[in-house]
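After this come two complexes, each holding subunit A, first together with subunit B and then together with subunit C.
Up next is the complex of A and B:
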């Protein structure tokens, strides 16, 4: 298969792995293309070093390339050579144009959905007993104050939700309140969107600052009602 | 060399060119951010100032934004008439015009609409730039149109209860109602002399914009249903006035192509000499 075959297969395999396999490994994420290019360059550098260790392997590695670029009487390869010699500068030009052209895309806004709460809101336990009466009362408050956005079904699809970006949280989703402690919900309800730190993009949140309108006890009851209605349990450290 | 080997080599060599293309091309194929923005293209033949029904508007790309009842602070409202606003814009390098369009079944004297912008570099909360607890916010500039006067009021706010008309009125507006639809044109210079209270629009830059609408209908008791903070609102979205065309990218591309050709030329010459 020639000294050039294995490196090419290795490069293709590396690209396929980085681009199409790695992102699907749990806990991973798609790599930025600049990082993929960097990894491929490192792979290529490694291959070149390996292939040029001995004079023999060096000739086997560079020989076909040299023949391809300068050899005579190479038949059909001649056409491919010209194609490569024409395409390579065009690709470089295209890439340069793409990297200098002004972006048409609005600034990306990465927003942390559950940023860290202030210290005084960690580890608080719900002072309200989890009794059927309190849960029912909490659901009543939820229906009055929260359901217009967060929905009667606790799914974030209330009638007032449609215009808001970010959308109201879906409590039935296992990645929202099920991952959080009651203490965290108490903070988010009490201080609302304006209480978020900068990574939470507080300027975009429509969540009211309920401390201005609801007593703490009602907020704790709402939390009971929310977990019960959404069929979720608060996160605990046990 | 055996024919099979030759074919294999050809395939592999062709493949190496394809990989190069994939690597080089892939670097520019980043994922587009999903965001909605109003874009104002540059117009040379005069802006449709004061004319919500001008034919020129059909050439401007519409952007549609969903609306919600204002539930963020009291007094709230649970239900509003207007569900979406369609926004178009254009500019001529000196002035910018916005066309706000929305369905409203009734034409009432108290119908109203507004654009809101962040002013300066600091982020402002979309609810009148109200103070945020952990982030220092900036003011907002509000362009408020009311059917009763068919004029715009250029306003400033930084928190609830701070909304006031500015000393310098820089915005013009005109509305037209037909077939259950309001169309309102807002006009202003891209920049003003008051950067502390007016949004400054620099072509090429994205800025934050939000929308509000009041349906001035009355309930059975003759009371206004939507008034003051009881209105339809949108979240922050983006607005950009297009920059004049920039051809420098073509020049850089040409330089890059020349360099790549030169590299190939030198490489092949060296290889040939080495043989």
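Up next is the complex of A and C:
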């Protein structure tokens, strides 16, 4: 049981860590099942690889399983063996049924967060000069139009943010606007959630279509203010 | 009329006994004639024909499958001569005849695959001309001079290959051997150009440049020098070596599993090792080339870059991470099995380092496979506060991916160094100092790669892309270039404590080689699709729009079905080619099989491994 026991304990420990420990680390959240399954698969692959590196470890690992499944010298465990041989296919069948049967649970989302912008926006550069005055003006516009959702600290925690799912983007996170060019932000602010292309479906964005209310110059100034306030820099090629 | 009916009745009676055959023939004839429906439909319209179609499978899918199979075969045919020739040079300079035998065996596989590649190339051309006449007309107009060059190169390549293969035995001694080596060089020289010329046509479709007026040659030259031409050339060149290496490894693995005598087992065990080594050697450099290609695509067109890396094709890169991960794991596993089984007594010494390497590889792989936007149900997304996990979301961006891919390369390189050193004892006076230097270089390099990766989150994207990522790559190259000669120098004077025992690997080593080959084929079909579909609804990006009924991107599930079909078909074609190529050997072996037979006379695949531990 030694060589087989350790892997079983490791798998259980990994599951407990992912399901019940990691989510409670400050700043964390529960992991989706897709990620838990992925990490468990990697753990299982690691166990199989390590245990089959030599003949001895392979026999110690597979031997008990093989003997149990073939019923060779297992004495009083025959009943358990039959139970496993009957229950395992049933479990697989149940799982298959559960994953294919009609259900009222909405499907998992694989939404494209950054759909490609239309061609006419890709070559644009910010026509507004990056001066302290323009940045201040941009921050002013941001405070008036954007901060209710995206937050006064640019962290996506504005007073209205709690009402949205998914929540407004956190610009202070280095994996959001820092990865994008200014032209991309210009397109997203100007066209809003309704202007997302088909690859952005399902269109889950409450972002207004600001072109209806703000002139282009104001939008470019807001972009300057956003990057400055969130202490991020846009992606450039120079 | 009466007479006519009588004739038909007589004919029907005559074929009465063969009704099934006749029905079958009619069905086949009908199926073969199906394209004529498309042709006839187009014939009724006015103006030049822009597209033709084929029922059921569709013109796009057919082109996709044939092009993919042609490219995979071409990758094999262009990759294998590189290391076959290198093996021959090693045998020529070093005097080890077994390398010459190996080079010849590689070339034998090549000759059989070459004609099949050409056959698929011909089929692809006919289909392209038939289904996409407008596009082909446009491309011909631009690239006409390079079409001629390609034909010339093909003739030269074929002639050189024939001379290289059929002259092998006749050109073994003295100046004739030098001539044979030169032929091998020429073969690779022409092969390189055979690859880069059509690369220009494909990359022009993805990243076209403005072509001003001029002569036909000037226009073709301008179109050839498009932004993604050289990144693709380098990426494909390395990928072809990787593909060739792993396929030769898989061939050796299968021959090893089915070998019935000790000599065969020893030979194919060694061949499997060489194949895996070549595959890994290329794999270490491949991510760098891939990164350069993606960088050029982003710089050429932000829209295309985002479609690939952040848009609807970004999920392909998660699958890519998984496939590369399996490839790294499989290659390392094969090295580790080699240490355990080929070098008796090494297992206890290296088991702990292997465990640490495995854990590190898995941690890196976990980071690489973690997407930025997670697949989550609505309930799960609500608990996370969106599609990004607040803690693990940071693992989903390039800074993390670049860091772990570099670390995986370092780990794999160290696996090889460990294998290289196993069973040898250092005798050089400076051995302790040398090992301390190597250890320090490795540790400092790993720390530097991680620090740059973390720092990458806090600097502008351009600093990360231009300086941090390239520094990470340079650090890894520095490690490889420092440790390799130092190890070689140490081993020059080292004492061999345990001789390498070939032919003692367990059957799972052979299966690992086959798995690696399947992974690399799947990887090439996946990323081939990604590169091609990044043009979305354009034949030539931003220039010639696809106005056929197929101007849409298939759902990822549908696309993956075609990729799987291409992978399976290619494996079947390669298996057939290898079967044909080795038919003669088997017949020869059948006459003198008694020598050195295994105790049970059964192949390892059927449980006949001579090693009881297996």
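Everything below uses one rule, namely that the second predicted complex is superposed on the first by the 129 of 238 C-alpha atoms of A that agree within 3 Å, B and C clash if a C-alpha of one lies under 4 Å from a C-alpha of the other, contacts with A are read in each partner's own complex, and residues count from 1 in each chain.
Basically, a residue touches a chain if its C-beta (ideal position, glycine included) is under 8 Å from a C-beta of that chain, and two chains touch if they have at least 3 such contacts.
Note that the structure is a prediction, hence the values are computed from the model and not measured.
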| item | value |
| --- | --- |
| Subunit B versus subunit C as contact partner of A:46, first or second or both or neither | second |
| Which superposed partner A:179 touches (first subunit B, second subunit C, both, neither) | second |
| Partner chain in contact with A:35 - subunit B first, subunit C second, else both or neither | second |
| First (subunit B), second (subunit C), both or neither touched by A:105 | both |
| Which of subunit B and subunit C A:60 touches, first, second, both or neither | neither |
| Touched partner set for A:165, first subunit B, second subunit C, both or neither | both |
| Subunit B versus subunit C as contact partner of A:10, first or second or both or neither | neither |
| Which of subunit B and subunit C A:143 touches, first, second, both or neither | neither |
| Which of subunit B and subunit C A:214 touches, first, second, both or neither | neither |
| Residues on subunit A lying within both footprints (that of subunit B and that of subunit C) | 30, 32-34, 105-109, 165-166 |
| Residue ranges of subunit A touching subunit C (in the complex, touch as defined) | 22, 25, 27-35, 38-39, 42-43, 45-46, 49-50, 52-56, 58-59, 105-119, 122, 165-167, 173-175, 178-179, 181, 183-184, 199, 233-238 |
| Footprint of subunit A on subunit B - complex, ascending | 5, 8-10, 12-17, 19-33, 35, 37, 65-69, 71-74, 78-79, 83, 118, 123-127, 130-135, 137, 204, 206, 232-238, 240, 243, 246, 248-250, 252-261, 264, 267-268, 271-272, 274-275 |
| Touching residues on subunit A, where the partner in the complex is subunit B | 1-2, 4-5, 8, 11-12, 15, 19, 30, 32-34, 36-37, 40, 64, 66, 68-70, 76-77, 80, 83-85, 87-102, 105-109, 148-149, 159-166, 191, 193-198, 201-204, 206-209, 213 |
| Touching residues on subunit C, where the partner in the complex is subunit A | 299, 301-304, 306-307, 310-312, 314-315, 329, 333, 336-337, 340-341, 347, 351, 354-355, 358-359, 362, 365-366, 369-370, 372-378, 380-394, 396-397, 457-462, 506, 508, 542, 611-614 |
